[in-house]
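Next up, some structures in structure tokens.
Both complexes shown next keep chain A, but they swap its partner, so chain B is in the first and chain C is in the second.
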Partner chain A sequence: MLKYILKRVAAMALTLFIILSLSFFAIRLIPGDIAGQGAAPELKAALEARYHLDKPLLEQYVIFLKNFLSFDFGESINLYPRRPVFQIIRDKIPTTLQLNIFSLALTIPIGLACGIAAALKKNTWVDYAISAMVVFNVSIPSFVFATVMQYIFCYKLEWFPFLLELEDSSFSLSKFWSMILPILALSFGGISTITRYMRAELFEALNSEYMLLSKSKGLSKLQSTLRHALRNSFIPLCNVIIPMFMNLLGGSMVVENIFGIPGIGSLTSASIQTSDYYLTIAVLFFYSCISLTSMLLVDLSYGIVDPRIRIGGGKVRE
Partner chain B sequence: MSKKLVKLEVPAPLDVEKIMQEKIPADQFEKVAGEKIFDQKFEGEAIGFFKDAWLRFKRNKSSVVALCIIVFIVFMAIFGPMMSKYHFREQHTEFGTLPPRIPVLEDFGIFDGTQQMELFKADLEMEEFKDAVVSIEREFIWKYKNKEIEKVIANINMYEYTGAEDHYFIFGTDNIGRDLFVRLWRGTRISLLIGFVSVFINVCIGVTYGSVAGYYGGKVDMIMMRITEILGGVPFLVMSILFIMVLGAGIVSFILVLILTGWIGMARMIRAQFYRYKDYEYVMASRTMGAKDRVLIFRHILPNAIGPIITQATFAVPSAIFSESFLSYLGLGIQAPEPSIGVLLAEGQRVLTTSPHLTLFPALIISLLMLAFNMFGNGLRDAFDPRMRGL
Partner chain C sequence: MKIKRILALALACMMMLTACGSNETETETETNTTTENTQTETETETEEEEVEEYTGPKDYRGWTTSRATFNPQMYTNSKTIMNAGTLVAALAENDELVWYPHHASELPTTTDGGTTWTVKIREGLVWSTGTALDATDYEYTFKMLLDPKLVNKNAAYAYDPVVIVNAKEYSQGNANWEDVGVKLVNDHELQITLQYPASELDFYSMIGSLIWPVEEETYEACMNADRTSTTYGTTLDTTPSSGMFVVSEWVTDGYEKFVRNENDPLVKEGWVKLDSYTSRYISQNATRAEMFWAGELDNHSLTGDDYLQYKNDPRAHSLLSANVWGYFMNGASKNTIMQQKDFRNALHYGTPRETICEDVYKLYPAAPALISTGIYAGDGYYRDTEAGKAIAEKYATDYDKAVELFNKAYEANGGQPVSVEYIYFEGQEDQKRQAEILQEHFENLFGSDRFTLTLRACPPASAYDLYRAGEYDLGLGVRLMGNVFNPWSGLNVWKQDYADPYITGFASDEYDQLWFDCMYGDIATDTAAKVEALAKMEELLLDYGCFVPVMQNNNCVMYHERVELATENYLPFIGFSTNQTDLIAAA
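Up next, the complex of A and B:
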């Protein structure tokens, strides 16, 4: 098991190294001058010294790596001038996290329920209806959902406020009310992903031989489904649910923009639009860390939940 | 029966070596069966792999409908811009943000180019509103600095109002008066182009990479799979934003971004197929007969994967289109003047309440396109591999 973990961590470190190198070269290669055109030579020299641009490329690279690995991302240039990037990101995390946790809390139970219902009632109208919903939800992008819902429920019917309410940073009912639409928009895709997996896994489990055994030893259908089939079909689901967190973060980029939520997502697009490269790259680094951690968690949880994989050392993904 | 041991007479073992070396003249051989073959003749024509799949595909009505939608959208993406008399860059600044107006439907009161506007009642008498007012929704009193001003919400025929009676912008126009119909199909063309080209290249890379890794196995496979694992760990979002920031947003850089990690899924699938088929007897037979690796890979093993390849490629097209419009939303869209569906959507989102038609039509097309591709892919998967049905 230890060898397995070490192997995964080593692969992760390499990936992180690639991301950091890409970021470094992206910063270097982006066209434009740090001081702006026609700036005084003294200013330019001072700025270059400040951002270590006067040193050889290799040394710059080492400084860059060192800074990033110690979470020192420098300062924002255009969007929030002279504020440390780390602080900006730290301030934005709670909103995004709140949104994502609510969305997961909605996604997972509904997805599981739909999947179980579809598998138990396979080839009936329940199954067909849920399958149609899945195709529909998978196909329609979250930003289209968000836009359409915003137009209908916020503008035409005026049930919900147009943008997120921001008066108080603490949590309140009216804030939750204004978060409902973004949460829904984020959840649609995830629900159908979980439903699809759950249905496939449970259906396979229901047709397996141990179910025949449990039936033949006299367990009722409810007992055998709950104790045996469901439990086994949950194993592959951790492969879906943990990365879903990362997908939600990605999805919330656009949804946050649409509903004016001041989270990491809107920070990303704002930093891109104002060409605040240090900020952008720091945010991307943040995303990469979350994504890599979640992938590691998937691998480890797989090893813990299903011992066959641990022994095989590395799973065969198809 | 008495128990008597019977000693079986064991025939002396054949000396195979000796027989093999013996030369027997051909006329000593005799055919066991006669010339006549007693097998029943095949009736009907032989059904090949693709015909079989097509027969099964045809039975799935929703997939056939999806295929028709795809064909229609592709047709419109190619020829749509030619059908209109406007050009996608042609601006009519005086006809900005006109709602859609469609020749026949306007007589029934839908898509007739009217828009609700809030006006002062006194303005209704003005020259430009005189003919344009279709109906008055309601009147109300607006209190402003202790004055009571009469206002109305009226349906205004925007075409009369702006003097564009002779024009039919069937999907409406954007804020500088460019025809949305032409721009939308033009954008669909770009989005489809990005989708198809990137998927095609991904299939080529993925098939080659996966075949080599799967066929040779062992060390080669291990190293190649480690590479995909490390590359695949880089989140798509991070990689695409970094690359587009450096390369600038254009068709080529979008395709490049989609290729960078897009081939990995295909490579993994192909590798798994090779692991499944490479130990089959027919492969061994062919190898014994002296077939080269190249022949074994491409002639004998790879064709087994043709179904999954086509299915997976079909599913990859909508996700490429989705990625493109997603990046457009983040402000990394294709540069003007060239539109793409994502750019149009992102532009429309900003003026959602005042001119919803700018969001409606691109949203409709992208949703239809993605729905159709996913349903088509489902149909293909069921047709190529009936065991997977409904999963």
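Up next, the complex of A and C:
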């Protein structure tokens, strides 16, 4: 197992290096002006010299790699001038994390419950209602949910504040109250995804032969479902749920913009739009790390959830 | 049957949800307007009495879409100015703009016609950190602003358009600090020497108002080891204040709060009425609109249909933009028809700017000339001068003249059908519609058998790169006019020696000479002559046909009933002077 993990970590490092290099060259290809439109030509020239953009691309790449390997990720050029990019990401994570934890705490139990209910009550009104909810959630983008909820619950009914409460840095009831709508907006998509997977997997498990066997052994429906069907249904769900945990660190641009959340969500697009090269690369690197780690965890989790799957084992003995 | 019932139920739910939406919006909005108008009319007298009596907290609730830094040498916007002091303050008094000494003890003076300026600093000034602020802070500020290693974005404020001796050379590492025209006479006096004489207006509006001091102790503490970067103004702890307000709270991209600075001389003299100013970061216009109508914001920018509905509301105030948008014309294009001056002029006169503004932008007025109505020249707005008016009239939309000019150009081009390409910015629906209107209109005006306009969408940065390379026929865009008091400065982009030109084929020695005369030559301090020269420069550009002005991107802000503005008139540079705003009722 340890050998397998080490191999995967080495592969991750290589992948990250490739992503980093591709990001570097791809971003340089995007047209843009680091000094901003209307800036004096001499300022533009001075800024290009400061960030080595006046040098050949290969030389820029070598300088970039050298700095990166010495943990110097650079500073923001335009979006947050002169602020170290690492500091920008670090400062934005707590808000995003706080919101996403609540969202996940809502998404997973509700998604599982709906999926189980739909599978157990397949082809009844319960199943149809849940399926309609899933289709509704999947087909309507989160920004529509967020906008409609804000309009109805904040503007018309005045039940919730429009924006996330930021004045009080500590956690309070009023702050939690202001988080409810963004949490809901973030959760709808996840709930539908889990429900869909859970329903499909559990339904398949319920109709399998080992369930027939368990019943014939005298187990009640509840017992056989809990002990056998549910556990087997969870294996494919690892693919969905574990990345959700990893995505706790990633924000949603649209929801954050609508509810005035100073999170990490809009950092990628904003940095690309402003030709903020170092910040863009740092954000892409950050997201790449999250994705690769979650993929590794998903693979490792298979072995934990299902003992039949052994990862990184040697050759099968005859 | 069950499925049908469930589907019917779902459909009913969706219909209910929809019903909560658009129809109610319209009804509510109309109702609100009527109610608010009636209230305004019937309760005027009562409100006036309440204005006198209101003594509650005065916290203005504004909004912003960005907050990059509080480092005044790196970024400028009105909120940055709020916590940063200046030598001279631009203030609103009796609906007019006045220049008033802020950190200076009196308005800076010159004894040799505008080359050498004496700036005396008040005694007793302090930073929000408690340390004293005097002339040495300003000397340090100039030195850091121009530091060649730091490459500060606002360094040009010290040499463009008002040129401090050797400032640019020092910022490029080609001079010593001792050679720069900023000299510390004593702890409360600076002498600033300019390369060319400057008028009082130029000196006050540039050196006087755009050099915000930095606190040396914090600035140095935030400096990196090789002195190439400082994190000054990037967090609350590293943001000392010296202006009418002090930054008291700041969450990046969240909100910021400024409280009145009781130590500031202008506050002591009673220019500031607000206790505090809180600004939330709200990027969505819809959210801002809902918050404003719910009474949770004190101002809101009107757009589109909202503007049409409320433009005559007494709470709505127009803000004049300094910029005119339009499209560049490449007289040096390989497309031979573009090389015809008559053809370019035909496009100018034939552009349906009024239709575009009415159908697409709504908020923006049509502009037939290059210089906006928000640009000041001397004692008033340039477009209100006789010379300015004459240019606007001469180049106003005229379809008959356009057809006449097109016919001449068409014949000169061999009578062959012509086709030109128009570049607009990708992802901008308004600009796409503008392009389509142009396409339809020109083809109808000149005849689709003789003229074709092809449209091409480009990301803005790519479009401007094409303009720089001269690889375009027509291209949407703008040349920003940085300084509302000095339009000549912004017109340097059309000079032959400008370092970052967009290729249009325009090259005029007469234009270049006029520019120099206005900026640094014989008429630099002669306002009347400069206005005449400005009109001539504008005429040269329009006559050649390098840019077709279309619209001026004005803004319209609606203020809450409780807001009492410092001026009823929009004033250049300070707008409605937010710093001086008063609140006459509770939220």
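Following the convention adopted for this analysis, the second predicted complex is superposed on the first by the 235 of 318 C-alpha atoms of A that agree within 3 Å, B and C clash if a C-alpha of one lies under 4 Å from a C-alpha of the other, contacts with A are read in each partner's own complex, and residues count from 1 in each chain.
Heads up, the rule we're going with is that contacts are C-beta pairs under 8 Å (C-beta built on N, C-alpha and C of every residue); 3 or more make two chains touch, one makes a residue touch a chain.
As the structure is a computational prediction, the values presented were derived from the model and not from experiment.
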First (chain B), second (chain C), both or neither touched by A:P41: second
Which of chain B and chain C A:N67 touches, first, second, both or neither: neither
Touched partner set for A:L79, first chain B, second chain C, both or neither: second
Chain B versus chain C as contact partner of A:I152, first or second or both or neither: second
Touched partner set for A:R50, first chain B, second chain C, both or neither: second
Contacts of A:N257 with chain B and chain C, given as first, second, both or neither: both
First (chain B), second (chain C), both or neither touched by A:Q98: neither
Contacts on chain A seen with chain B and repeated with chain C across the two complexes: 30, 136, 147-148, 150-151, 155, 257-258
Residues of chain C touching chain A in the complex: 2-3, 5-7, 10, 17, 20-21, 24, 68-69, 71, 74-75, 148, 151, 153, 155-156, 160, 168, 171-172, 228-231, 234, 249, 251-255, 280-284, 286-287, 290-291, 293-294, 296, 459, 461-462, 464-465, 479-480, 482, 498-500
Complex contact set, residues of chain A against chain B: 11-12, 14-15, 18-19, 22-23, 25-26, 29-30, 122-123, 131, 135-136, 138-141, 143-144, 147-148, 150-151, 155, 199-200, 203, 246, 250, 253-254, 257-258, 268-269, 272-273, 277, 280-281, 284, 287-288, 291-292, 295, 316-318
Sites on chain A touched by chain C in the complex: 30-33, 35, 37-44, 46-47, 49-50, 75, 78-84, 91-92, 95, 124-125, 128-129, 132, 136, 147-148, 150-152, 154-156, 158, 162-164, 166-167, 257-262, 266, 275
Contact set on chain B toward chain A in their complex: 226, 229-231, 233-235, 237-239, 241-243, 245-246, 268-269, 272, 275, 318, 322, 325-326, 329-332, 345, 349, 352-353, 356, 359, 363, 366-367, 370-371, 373-375, 378, 390-391
